[in-house]
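Chain naming follows the written order as A, B, C, D, E, F, G and H, and within any one chain the residues start at number 1.
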């Protein structure tokens, strides 16, 4: 059984975290630390880079290299880091808002360039840090602090977007599915090129409250029931699909990454 | 080895950067800085460095900051509209104390303005583009040689002070071709950023200060680095403590403002105790100097002060050198942005005549001459 | 027969009750202050789901018991 | 004694102003002169008007751009508009060299000594209009500018590799010849 | 036969344009003016908004309302215009760089929101205005002024991107295919919601020169030969596909547009 | 009708905007301006206006500019990092002469700093964030009432001058709840932008000037509008002509700088001919006034000047009102940005004492009191 | 004559500081007082320390924030750290009202007159800890602040619609009662 | 029989020769200055492709001839 090894990646002395009770960020942090431990990643060759947001504070509790830049730009910063330090394993852990609103362009271009980064998006369907406004990933019609009568904009599927743009690896899971989450973060860490792990996560303080999902337990149960394996999902009829979301591995390929591209052109 | 070459200002900046040790360039094309982007795309691979054309200027300065934190000397080049976009991340670099160089080739603005034409109207924007209190360094070359020399200096200062340094060039200087003495790396005094040497355990990225500047590790090195744009403790972990905030923000100013003697001093030409002094910078200083030489050869007693460090504004030096003047002419192709700084030095506005031009053309020697003669009559 | 030890650190626990509700063996109840209470440790299979789901590093499961 | 030569080449985009200016500057540089060269830039260069300014001097060059040229080469009509203020003033001290087919000076306004040559057509004959400025360089070198023709040839060769270089040198030499025979 | 009506949309007195001989921008401008004329669009209810670039100067030669903002942001500006003036027909004519590099985020979000805009992208595979650097849409490995030994980054298909993001209408054509181009601009003008017409366009001055395609005639012939109807393309084998690009209509649907969404939520 | 309500500063700005006629809001949430975004999302539909949450701040100000050109009074709200991102488009609005209002709620910087905490350190960034020469208007409220009043004024001035107007609020003012007299639209003097009235044919968007401000059409109106960030002719078509450039850029400054008497004048409290004058703005002015009242009640002779228009800096008024003072205390929660402006007015640095605080907390009356007493002893 | 009352409520995030502050301010406003209310904000509010400050005055309020409170209500232990500089100084003029179960003053350091009440537990009894501040408002209204209890009740009702309002009023009234019987 | 009239405006023409090369009926040749020359107007079908492809508004095709 894995031991306490994961704690070498966690700044235990800085806990408790600033997060609300039940928030998914801590669960993701633990899964990440466990994945690091199982892969025995050297902390000095491991970088956790974060966006700005509640999820962005994950880096306040780690012991490896840590970068925390400006809202939405993490992938652009890390593109620079990776070009000069290709040996670093870089994990960019971003919020849904950070990644898909202000950071949309960098997200698409990092995937297109296939930069060797594991991008973990903590998708709590809203801007937790600023008080629960909708994000581009919030489903249509949901209630948030800036959509009191329902979000009037369609969402977009960032997994499909990453796939289209050129990512090597794309996986979606939820905070409920902890074991799967840890395992696929590990799988992503083993890949070269751009990987996306989207983790749908509860925000009990805003999202669950505004949408009357109930407490954190109810929201986790909702994740458990609504997110079904992609294979199952694909066999559903369209009408049925509307009630579910898929989770699982969308993409797994081995296209050359940015570093390889740039070196190739040197002949 | 020192070699002589005919180069444009933009090319000189690029070779200087390479020779100063820059091995990373990220940028987004923009007139009149584009040639720097293009030349870097050719040279960086040759020098085993990295060139990347990012999706915009925000991403460009971000990649530069990232590369710098990875240990590379890194830079970008842009012009007005791109500079504006970079301002948030320039503020970040100031806060997180990341060395980096931004070459800002001024063009005619505001907004898209006239992309191919000349202006010196970014003097304030380079200093104040990013919100919050912090200091930063801005240098302005006046010739192609100076573009080379001050670019080298920009890298040195940015490593020494761990701060963004902006080189304030312009559309005219960028494209004029002049002789440059290229001192190659062996000839140059290059400042290498200080690296932590103590034990790896318990290392605090912002914990050891030399001259108020932290001795920081790089990402991927064995001393674990933590960087954030939030107010942070010595550990690099975030904090919202009032005292930590005040100490940090005041140090960001102090670490530069208290060491101004290390920054390129203004050049003074002509009569030291002159009644009439021309203050200028950049290519306008060349027109000014020609005019001053002309009047002096006709028996005037005029002096000429060429600013090389624009920010922090070299108040002490300027006061010292200009205090005797009865009249000071401030020659600049903008609304009078440097003239304002002289007022801030305590020179009374009546003493300060602005020789300004805002029509997208360079200020010529005869225009300065005219102003000088008016003042003397 | 005890298969695992479960420990809760009240300094870190934020009383979210996730461990309580999602333990497949209903090992936990809730005490009067709202903290999880390890009530049926004998049922514990050592699956560590409670550990994995605790957002606050407040819960540890030790599965390789010495005795 | 004259120690500074300020030359402006003016014509249209496709006539190689920038290249010629650079070549002149390189040749001057080889010969130990101080030099500064500039050219119109950007969108403007695509259009009708293109210019290049070259200062050659045995002294330090303070201001690197040209307020008023000593030598002004004009290869298309439109350029006259731009230089009217100089050419029309009395005692301007500017020598005008123009293409006699495509850029004859507008009547009655020019107060400069002026000299017409078959620049563009000569270039077309040998290579193409793109080389027009090379012909002009020949003329300038022969008659006004203190440069060694071998230096100019070398600068041309270094700028245009291989065959194009030779053709451009040919144009330059034709310029020298035109000047030689010119009834000055 | 259509008459000179199109001239009422063209600032004839401002011609000749600043564009290089043979440049595709003028062809697109004419097609657009013809489409306007055939639809008899009132100039005071018609807006041409441009990005910054050679293509962005199209608006310097029109007579309807004209907007020219900052590089990459046109769609965001026009989102504001369209919300307050839904009756205006807005055409955003953008360069490939403007739209897919600095403007990527606004492009994705405008398509996602399905803002009622006809977006025409003049894709000349480079940044013409600044001297021929590669853009995100330039094909892999091409020579440009910042990729002298071949572009070391993959490109992305903006048609597929617009489709994924939520556009109602997506069509790709080339400057060679003038009749098709005009007709499908017309079709796009008849739609509600976000339409994309991508027009692959020659840049004889930079792109064709750097890539040794030859003169403008050769480049137009290249467009003629390489861009085949999507139906044909889809039936090709993968190996064959590598030598061709598709053109034609990818998307045509009638999802509600942003204006409808925002009004719906008002009940 | 005038009604009284207890409101926070952020809420007061929002209601003021609506009552001033704003019917378009585009924004991106950011602490401490978020409540304005949220309240707009609720109110705009009620008033048949538009609310849109854009993908970032660049897009937000872009949408605002677009909406304004469509004829709507439009605004956004942000804080430091977002302001930096907006700067390119603020420059565009200045160049293209698009009325719009930006509420900048200052927080502790630089960079992400401390998002929830207080500072007054954006004084220079609001003015100089965008490259190139142009003027713009910045107003700073000191109370919730003032937040209401000056927001209304911001819209009026932006329509009157066709220029971006920035309201410089802060994290403390944004969240304090105070009584406000809400004058509703009927009670307010609202300035409506001038619209062209002449013939449609041959209309030149930048061709008719009133007080140097062009009488411009809106998109969708029958007078065809042409707008560009390039230097442009009266027709709105682009130009790279030197003379047109100079005339345009100088007019952009002149149209504001020459009409400063139309901008909110500073308030003066206390003894007019005082030896000791406190200059301040925003919430620091409240602490200052309390301190000044206290010392005056103890027999001092102190005066207090509250700036309300920050940019263009009201030099004339400040000189007039402070010229008699032996000592001027400039109270501000930053490194001394307004103090610099007083130096530019010609007050000698020795006369100017900065009472500054940079620890993310507000300046309190007792801190000002202490400084006042030190000066008097 | 006292004409200004500066009150700070201090406790943890879940005890309704902000709401209570707002209610007090609203009640004062109804009664014609000038008032200014502030509260801790943002991430901090999620954590352990939450505060709200209310100034009630019959005069103009110049500075709207509180440097030193006249009345300080403390509902959790952590708050003492924050107010130590005030409470520990002599002649601070601050009255301390504390929760006697959860926030007894630390020994030997407090130089303020201090009064303990069963605030939190009383709220829990009736509704939940969230209403703790309502009990505190009752105590303040009865003993120190010149507000009419009907105004406070009304402000509560306007803040919490329906049943929750009534329960909160109940808490407020329990606070009034606790104060009534307090051996002051 | 003439089906259409074709007119070239030399003030606008930039001599790109697109009209010349892509006329399906080879109506144009190139004159000594590089401008398109309408040489075989009789072959013209009035398809207007030259008009549509001219980037510079330099070429007009009139198809509804009066006579």
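Note that in this section contacts are C-beta pairs under 8 Å (C-beta built on N, C-alpha and C of every residue); 3 or more make two chains touch, one makes a residue touch a chain.
This structure is a prediction, so every number in the text was calculated from the model and none was measured.
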{"item": "Higher-contact pair (C-beta pairs counted), A-B versus A-C", "value": "A-B"}
{"item": "Of all other chains, the one whose Cα centre sits farthest from chain F", "value": "H"}
{"item": "Distance from the mean Cα position of chain G to that of chain C, given in whole angstrom", "value": "38"}
{"item": "Chain centre separation (chain A, chain D; CA means) in Å", "value": "63"}
{"item": "Length of the line joining the C-alpha centres of chain B and chain H, rounded to whole Å", "value": "56"}
{"item": "Interface hub residues of chain B, defined as touching at least two other chains", "value": "31, 45, 51, 55-56, 58, 81, 88, 92, 111-112, 115-116, 228-230, 240"}
{"item": "Sequence positions of chain D contacting 2 or more other chains", "value": "43-44"}
{"item": "Residue ranges of chain E touching chain H (in the complex, touch as defined)", "value": "1, 10, 12, 15-17, 19-27, 30-31, 34, 178-179, 182, 204, 216-217, 220"}
{"item": "Chain F to chain E touching residues, read off their complex", "value": "23-24, 26, 45, 50-52, 54-56, 58-59, 62-72, 74, 88-89, 92, 200, 218-230, 236-238"}
{"item": "List of chain A residues in touch with chain F within their complex", "value": "52, 68, 70-72, 101-102, 104, 127, 129-131, 133-134, 136, 145-149"}
{"item": "Of all residues in chain B, those that touch chain D in their complex", "value": "4, 6, 31-32, 115-116, 143, 171-172, 175-179, 283, 286-287, 289-290, 293, 362, 364-366"}
{"item": "List of chain F residues in touch with chain A within their complex", "value": "28-31, 34, 37-38, 41-42, 45, 51, 53, 55-57, 81, 111-112, 115"}
